[in-house]
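You will see subunit A twice below: alongside subunit B first, and alongside subunit C after that.
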Partner chain A sequence: MKTITEQNLRALVDALISDGKRVVGPRVAGTMTLYEPLTGGAELALGELPRRSAKETFLPLCETILTYEQGKEAVHLGDVDPVRLPETVLIGARPCDVAAAPVLDAVFSWDYRDEFFLERRRKTTIIGLACTGGDDACFCTAMGLSPADSTGSDLFLTPLKGGSFRCDAITDKGTALLAAHAGLFADGTGEPLPLAEPALGALDLEKIRAWLDGHFEDPLWEEIAARCAGCGACAFLCPACHCFDIVDEGGTAKGARRKSWDACGFGKFTNHASGHNPRDVQPQRYRNRIMHKFKYYVDKFDQRLCTGCGRCIRACPVGIDIAAVLEEINDK
Partner chain B sequence: MCDHKNIYLPQLATIEAIIDETPDIRTFRLVFQDEAVRDTFSFRAGQFAEYSAFGAGESTFCIASAPTRAGSIECCFRAVGRVTEALRQLEVGDTVGVRGPYGNSFPIEEFFGKNLVFVAGGIALPPLRTLIWQCLDWREKFGEITIVYGARTEADLVYKRELEEWEQRSDVLLVKTVDPGGNGSTWDGKVGFVPNVLEEAAPAAANSIALVCGPPIMIKFTLPVLERLGFADEAIYTTLENRMKCGIGKCGRCNVGNVYVCKDGPVFTAAQVKAMPQEF
Partner chain C sequence: MTTTAHTIDPALYAAATAALRQEARTVLENGTAAAVIGWQAGRRAGSALPAIVTDPAGAEQLIFAPGCVNNLALYLTKAKKEVRGKGRLAIVVKGCDLRALAGLIGENQLNRADIYIIGIACPGVYGAHADRRLPLAEETVAPKCRECTVHTPTGVDVTVGTLPDLPAFTPREAAELARLEAMTPAERWRFWKEHFSRCIRCYACRQVCPFCYCEQCLCDRNRPQAVETTPRPAGNMAWHIVRAMHLAGRCAGCAECERVCPMDIPLNLLNRKMAKELKALYGFEAGLEPQEKGPLTSYREDDDQSFIK
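Let's look at the complex of A and B:
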């Protein structure tokens, strides 16, 4: 078994950076911890669950998909080749963040392949970290995951008593990274720190899906979502939400076409040009959020768009709690 | 264009002709600038594309010309917002972006040997016009062809010159109508709402397919009429026009339940539409 000390983990970050790789990891940013590009191993802050998810590593908030230059005579398009994207290592990512990446592979590789996402995925090596510090909004276990789940990780770190980490190579990418920096790892053992203990018990996910199947119309939607502000915070913080908009920025003469996050909770998301809006009140939009995560995506790709990270619960300004909603459906 | 790594990159096309259909509806005839694309671009009636006015963005329109008429494609759009206004500012010789073709299409082979009843309202003639011309180009493969087309007023009818052409053909029955009050002194068509005029025209349902496009309200009142005339839900086709962005099943915008209109549609039978959650 391989282990690595905290000091060597920071040295690993430095080594990866000096190899020319982009390294993204939890880092203290003002009053919070966020997954951000690191400038050195000293910045790595593994104590807290980052406020935003790690999906930005693969699906940036906003990214250029082409540029245009328009003269009187002709239009020149600048192709943005996804292949130019840098090799990246995502380090210290929690299981609830990491598990969302393979889930998103399904939609981005289905039929038309979105290489902006897929190339980033291919070029990213993920070093996951077993979670020892959850809070009462966490419910990964109810989603069939666990604080020690290595789903999606290439290399997986388990914190040990005394401050070092056990390292398990999960994929070839992980093995390669281990081999490339073999000097920083040691053979050894240790006793794992106690894992986080999500409060919510098991949910019957099949039952929830079956209930959703038959309750497109139900008073529940009105009860839960009448107070939803449609702020979109839940979607933006979610590691699995992937809806986006495509907009041109710049003038008519010159600019860039960009893909940027969007949310089905926004009032104009489905607005037609005629003024007709298929989801014109908030409960319909919240229903779509739940249906998409726990039914439509399951129907289509046999996966759920939720890993139980609890971020949407912590952030919701009106206290809407997705875990409580699932629990309520589960108990019906 | 699908084998390109960047699936969001459009092809460039030159506006070869502009036809003003109504005060706010315009047709573009577009020719791809890349010769290879011009030669190989193909699509099926019912498919759509994403058209861009660079600087404003992309907008979804059906491809309104017939697949049987190569060399150029046409779209027909109403100026209602940001992108469509920007498109309207363009002139002959200017460049637009075209990404597509996307979506499913009318299963035309299944219509061989059958009578066709086209029912359209207002700006919704374009998605049927592509099929109408294809069927007219393959005229011997079909039985009777009836077209019921209406708009609020005479001025709101699109493809007026083609309506005249269809009217003059002996192998097409065109019934054109305007809403009550929408007729001028020289109007030689019917006066009445599309569903009522359809009921009066009473096309036979036996061995017939109905193809219906129009605003949701028109479709809502047309389906019961077709039912009374004896059309089965499986013999009625329509298109859904949900808001779209990517057009290729990624952006998560166009779903009706677990149906992605951009991938599974936009063409559906009335039976399929009735089976969906009523959220469109």
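Let's look at the complex of A and C:
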């Protein structure tokens, strides 16, 4: 068994950076913690669940995919080559963030292969971290995961009493990283710190899917979602939500084509060019959110678009609680 | 539980809750309203969420507690047509929320006769990231409540609950505003640039604002695009300037936009600054009485025209 001290974990970040890698990890950013590129191991802040999820390591909030500039003779197109994206190590990511990465792989490599996402994924090594602090919004266990789940991680850290971490190599990428920095790890064991205890009991996810199957029309949608304000907070903070928009921005002389997050809660999300909007009111939009996560995606990819991280619950301006919604369906 | 000078007695909320349920049941039974918009308890400790109750028996689920943070005026706007379609609505409002109703009436979005206003005597509510297992106190109270002057709403159809003398919380927003005003324009620009750089364009601030009811927001337009929609510095700055200008003289100061911002951007500071400017320039305050029209949407012969050069 391998272990690493907290000091050496920070040294690992420094070593990776000096190897020329981009290292992304939880970092204090003003009033919150965010997953951001680190400039050194000292910045690693493992205490608090980052406000936004780790998905932005693969699916940035906004990225340029093409540029254009009007030249004298012709328009110059600048193609952004994903091959030039940097090798990345995502460190200290919570199980509920990491478990979403393989879920996203399914949709981004399906009928269309999203080279930006897939190249970032290919170039990223994930060092997951068992979770010792949660709150009553967390429900990873109800989603079939756990605060100690290594799904999606290449290397997995478990905090031990006394401040060091147990390291388990999960994939070849993880083994390679461990081997490359063997000097920072030691042989040994220790007693794990108590894990977080998510608040929700077990849910019958198959039963929930079956109920959704037969209840596209149901008073529940109106009851729950008439209050929905229709913002993007839940989707933007979610590790598994992945809808994006592509827009051209700039003028006639020069500009860029950009890809940025979108959300099914937005009123204009399904607005057709004709002016017709098939999801006309908020309850229909919220229904889509639940259906997509717990039925459509399950039907299509046999996975769920939710890892129980609770971010949408904490952020919802009107207190809509996806765990409570699932509980309600589960009890039907 | 011991009640220190700076803790609000939970019994105040319990009494208001009982009175609120009684009133809601009555208005639903006697047909005064087809639905009552209030708050109900959420699953998590100390949480509450907006409730739309149509059945007298459902009045029992209504609560008033420190977690009742939402300004429910949102549900009376045309942005929530599925709620408005229910018929004549009764709405529960705190003093601060009432300003938004007055504004909506002033903008001809609401007819006073079409709504039944249940004012609630409010000792204060939780701040955005308060630990809701704790009682309301100096550490947990919302910034706006520290400086609240409208704990007991007036001009409503009925008021539920009563308040004793409340503890004085230490004001913060006024001090923060003063700090900002003391900055040089360059420092202030830097302050806001830094804050706006964090904006992810989730539009939670817009979606909870009772005055953001436009069916076509300028910031959603793409043919032609008026404001860049991607969360980058240029578009973010433009979005926040549009927001501030569009709400100047209309913003009711409910601070909902700031409360819901997942990126902790202090939007209410900007709102308050704009309100101050409007007061200095036009002697106008978004108040508790429905106004004919706000200063930026009306013309008077004696308007200051010195800026036209």
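Side notes on the structure shown:
Keep in mind that, in the parts below, the second predicted complex is superposed on the first by the 329 of 332 C-alpha atoms of A that agree within 3 Å, B and C clash if a C-alpha of one lies under 4 Å from a C-alpha of the other, contacts with A are read in each partner's own complex, and residues count from 1 in each chain.
Here is the rule we go by: contacts are C-beta pairs under 8 Å (C-beta built on N, C-alpha and C of every residue); 3 or more make two chains touch, one makes a residue touch a chain.
Keep in mind that this is a model prediction, so the values were computed, not measured.
Contact with neither subunit B nor subunit C is seen for A:Gly133 once the two complexes are overlaid on the shared chain. In the superposition on chain A, contact of A:Lys300 is made with subunit B only, not with subunit C. When the two structures are aligned on the shared chain, A:Arg257 is found in touch with subunit B, with no touch to subunit C. Touch criterion met: A:Thr31 reaches subunit C, while subunit B stays clear of it.
Contact with subunit C, but none with subunit B, is seen for A:Val318 once the two complexes are overlaid on the shared chain. Of the two partner chains placed by superposition, A:Gly144 touches none, neither subunit B nor subunit C.
Looking at the shared chain after the overlay, A:Arg227 reaches subunit C, while subunit B stays out of its contact range.
Applying the stated contact rule after C-alpha superposition, one finds that A:Val247 touches each of subunit B and subunit C. Ranking subunit B and subunit C by residues of subunit A touched puts B first. When the two complexes are laid over each other on chain A, subunit A has residues 245, 247 in contact with both subunit B and subunit C. Put simply, subunit B touches subunit A in their complex at residues 2, 5-10, 12, 52, 54-58, 78, 80-81, 84, 86, 95, 97, 215-216, 241-243, 245-246, 248-253, 255-258, 263, 277, 279-280. Remark: subunit A residues 65-66, 68, 70, 74-75, 77, 79-83, 107-108, 110-116, 119, 216, 242-248, 250-253, 255, 257, 259, 262, 264, 269-274, 276, 278-279, 284, 288, 291-292, 295-296, 299-300 touch subunit B in the complex.
Partner subunit C is touched in their complex by these residues of subunit A: 29-32, 51-52, 61-62, 136-137, 199, 222, 226-227, 229-233, 236-237, 245, 247, 249, 258, 260-261, 263, 266, 268, 281-283, 313, 315, 317-321, 323-324, 327.
Residues 42-45, 47-52, 70, 74-75, 79-83, 198, 200-204, 206-208, 220, 222, 225, 228-232, 235, 256, 259-260, 262-264 of subunit C touch subunit A in their complex.
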